[in-house]
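Both complexes shown next keep subunit A, but they swap its partner, so subunit B is in the first and subunit C is in the second.
Now for the complex of A and B:
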């Protein structure tokens, strides 16, 4: 075995070719499945896209490194499914560029946090986690409530997302900044926003402050949409519930049959 | 391999490279490293054969064992549900009083309820259910929307001011100061009056302000909080005469509440928790509340 190796080591071209062959095996294993990704990811024609405010919140989530402690992927494990809800499907991250699945689970998984707690809770918790969860080790993010959201570049953010396959329309891109403000201002005219992003768009004063649109508004809006863009995962969960115990399914036991 | 020569000191071969008379040893890889490397290679080949491993276009090699994580988790969740069904179905079928009279079922309620409460409710109401600023205490026997099992079950199901439930309970304290319904002076007088309801000592030396606040209260607040400030469980309006406060009972907090209003939200759980789980939570809360009361009566530290 060593004899061959010693001989190859002494011939630079052969060695280079051999290195390329070995390295390409690893590359192929990682890259080849991406060629067929359109066939392997589930489909959900009704999937919504992030609104500009939610996308801004997502960028803040990335900026603050939330993914370093929070995953956004419920694994196919019994305890995770019973605690957080149906396991995550690939299609649910279809419009996530980059995806934020994460792997460091210091805090709870956030894949289905949307709607689980109130906006007030999220605001109080982000301002000082220990006000609501005494044993929490999460840092404070109180300044988000005082930092005004920069909306000028949101149209470009949407355009960048469209370049990688998120179906934003020209109207969405043109109105991005106005839509971000409208989503956090329920007293204003929100008809255009709802028309562009659908009836289920959540229009609220997320941080409880009606006067300004802060980074807190954006981050809470993003957290409150997590797991709600697609309903694809509810289908397998219902099938599981139906298969498990008939009485539980009859009573509508969805999250935990 | 005639590349080098044997080094007389170490007994190992040299590589044949030489720098100014210094020759490089070709020390063999230790046997232990070889051993584990070979074991790892054998293991991985076995794994490829038995388990899902290699991508094949839009499919993959399934492996001889046919292992599928999604099937496994579905089966486990199903098995756990069946195990649980033995007592969970009895709880679902019985009424609240019957379950509470059954020690075996209540043992399940305490264990399972504790887990459900921790996973879903503790973030706002605290692990011991004693609440936080803005999130009510659930074990003090004082209920905003009524303390009967059915009332509690309804609050859990539809929530309060929930943006998603159509049948949600709705309760809004208006922003009397900020929205210009009352003047700043009137807000302060009302705060003094409200504070004096639960803390009579507060009225000392503030008779004029309290009297003025009483008038403002009668004109603006009684519709929800009642003429005596006792509140209304129909409307989710808190009793202002007791010492239980949701947003704090010091004068600044009361002032802030009247000035800025309050629209506390309780999420609706009808799509997240099954009816049986919601019932277990109601039983768990009532049980915790009574245990605390019994503990306080005996003076036992809890």
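Now for the complex of A and C:
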């Protein structure tokens, strides 16, 4: 073995090729099957897609680095399920390009934050977190309410999402900019938006300001949809592949006296 | 075509691309516009430096008889600059977690935008420049050959710093794809691929000119660092831009596949950027400084191939108890535990090399930096394997323990081996007898060690307390603590962490001063035999 190496280390190209081969094996075995094994992601025929406003909000969430402090992945541990709700399923982030599972909880998990607080609370909290939670260490995001949302090119965003596998229709792409405005303007004609994205689409003046569609509108719309695109987690019978991770949930209860 | 002409052409093309980006971005009101101007100004700035010496006579051919170290010198200065910037931002965000309003009411200065500026600044700015600078030095010495040309090393070094600049300025402007440690957008990623391929070719071309039959172990590690980072970077950054006139792109992968790909990248950025490359440094500068040969050739081989093979499986330990299929989690855990073997072999090989030179470790702070780095390498690889065990991870994940672990590695291992190597290298490169002030090296050592220990102990405490508070149940079977309770309990540790980071930052500033004064001091050392072997000479086997 060492004799062979003694010869290999005299040839730079052989050494380089050997490094590439040895280093590729792990990734190939762990990642490639995730695309081919059907059980990896549960099926949910009723899964909704992000509306243009929610997608714009998601991009603001990414831009501001919210994922650095907030996870969106409830693990199969009892305390997490009791604190945040049913554990996250793979299907729930299947339209998340990129995923935002996060790696750190400086703040709480947000996978199921949608609908837990009012729009007003979110707006006040984002403007100055310490107005509503005195001990909070979250940054202020007051400027989001002052920044008008750029909607003109949202069709490009939807088209790129479709290119990577999210089922946006031509009508959704063509109407993206108008739909983004409509979702934050309940007084306007929202029939087209609801027709395209479903009855459960949340149409509200998210930041309370009816005059303009701000970045605050988009971010609050996104936060309010978190955990609501799929109902798979609430219907465990439907979630076939979830059975694979279920034993871990019992194991996680060890801290309970 | 002369190398000067080649440089001008490349800069002209780059300036044109910058202008095109600026125009395209302006048309959409996209932040790509600002990046276009940065590329344009950057190329013009470098072009001015090039033009200043453009018409000077070509240097004499005798220069080809010596090693080409100018890019290494510039790389070291850049690395120290990025170190101070990255650590300053890091300490700032550390204070923000204790006192959240210690910032401006402006988007660029909020925690979420500053934090990647810290990670990119220290990992890619400080670490990357140090790796490039030292690899140029090491590959020439161990090959006993000069680099094949002068253009490529400058292209790699300057091009790489343009990438870092685009990355960090992008976060302030709100340009990020959110992939941890791979935040820069698609155009910066493409640029890095071009730079990186040039780097690989430069390395292989220099090795091809070598006068030594064998390739020294430090080069195996540098090669693995360059090759595997290229693979990781390309796969993890596959994305579709929303528009070629805009910065935003959408990852090719979603959900669980994206999570696995990102942590395959993320953990192996630790393995091949922050470990393999720096092991290359360790394997050259530690034996050189200690004036002892590497303890064991066989341990070098086992350590190297073990690290190269095992690490690539370990990424999924970042996703225990998540929606990632359990078989992948289990594989990740298994290989992470096995990883302790090659890691400790590498650390032991370094420490055993010091046998017979421990009196030097006592007297020489530069060597002590390297020794302490090897110890922290051993400690943090043990901790990493431990935290990858599923049941341990259920407590440690999402908490500050992870942050403590990362910083034990980043401060204790990566930064200490870098500082040690730079303190050894600066007098050699600038032909000085020694550093300007050995006493200041000593001061830096103790500041860095104290800072690391304060930081790591604070985060161990806060992480474990956090993890326990989240899972504590009362007698009535309900969760005892709200999330807010756990957050309030972190405050004293966050202050302690920020103090530890400050000590570390002050140490880096002291180091900058010492290096600057060493460079400014007139050369006192006589010419040494630090030259490549002439082409006609045959090496001894």
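Worth pointing out:
The definition used in the following text is that the second predicted complex is superposed on the first by the 220 of 257 C-alpha atoms of A that agree within 3 Å, B and C clash if a C-alpha of one lies under 4 Å from a C-alpha of the other, contacts with A are read in each partner's own complex, and residues count from 1 in each chain.
Convention: a residue touches a chain if its C-beta (ideal position, glycine included) is under 8 Å from a C-beta of that chain, and two chains touch if they have at least 3 such contacts.
What you are looking at is a predicted structure, and each value in this text was computed from that prediction instead of being measured.
Applying the stated contact rule after C-alpha superposition, one finds that A:83 touches each of subunit B and subunit C. Once chain A of one complex is fitted onto chain A of the other, the partner contacts of A:40 extend to both subunit B and subunit C. Touched residues of subunit A, counted separately for subunit B and subunit C, are more numerous for C.
When the shared chain is aligned, no partner comes close enough to touch A:198: not subunit B, not subunit C. Contact with subunit C, but none with subunit B, is seen for A:164 once the two complexes are overlaid on the shared chain. By the document's definition of touching, both partners, subunit B and subunit C, reach A:133. Of the two partner chains placed around the shared chain by superposition, subunit B is the only one that A:117 touches, whereas subunit C remains out of contact. In the superposition on chain A, A:186 makes contact with neither subunit B nor subunit C. Across the superposed pair, subunit B and subunit C both touch subunit A at residues 2, 6, 29, 35, 39-40, 76-77, 82-83, 87, 133, 135, 244-245, 248, 251-252, 254-257.
Subunit C contributes residues 28-29, 96-98, 100-101, 103, 105-107, 110-113, 115-116, 171, 174-180, 204, 207-208, 213-215, 220, 223-224, 227-228, 231, 235, 239-243, 246, 248-262, 264, 272, 297-298, 301, 305, 308-316, 318-326, 328, 331-332, 335, 391, 394, 397-399, 402-403, 468, 470-473, 475, 477-479, 483-484, 487-488 to its touches with subunit A in the complex. For subunit A in complex with subunit B, the touching residues are 2-3, 6, 29, 32-33, 35-36, 39-40, 76-78, 81-83, 85, 87, 115-121, 124-125, 131-135, 202, 204, 236, 240, 243-245, 247-248, 251-257.
Residues 1, 3, 54-55, 57-58, 69-70, 72-74, 76-78, 80-82, 85, 88-89, 92, 119-120, 122-124, 126-127, 132-135, 163-164, 264-267, 270-277 of subunit B are the ones that touch subunit A when the two sit in their complex.
Taken in their complex, subunit A has these residues touching subunit C: 2, 5-6, 9-10, 12-13, 15-16, 19-20, 22-27, 29-31, 34-35, 37, 39-41, 59, 62-69, 71, 73, 75-77, 79-80, 82-83, 87-108, 129-130, 133, 135-143, 150, 152-153, 156-157, 159-161, 163-166, 241, 244-245, 248, 251-252, 254-257.
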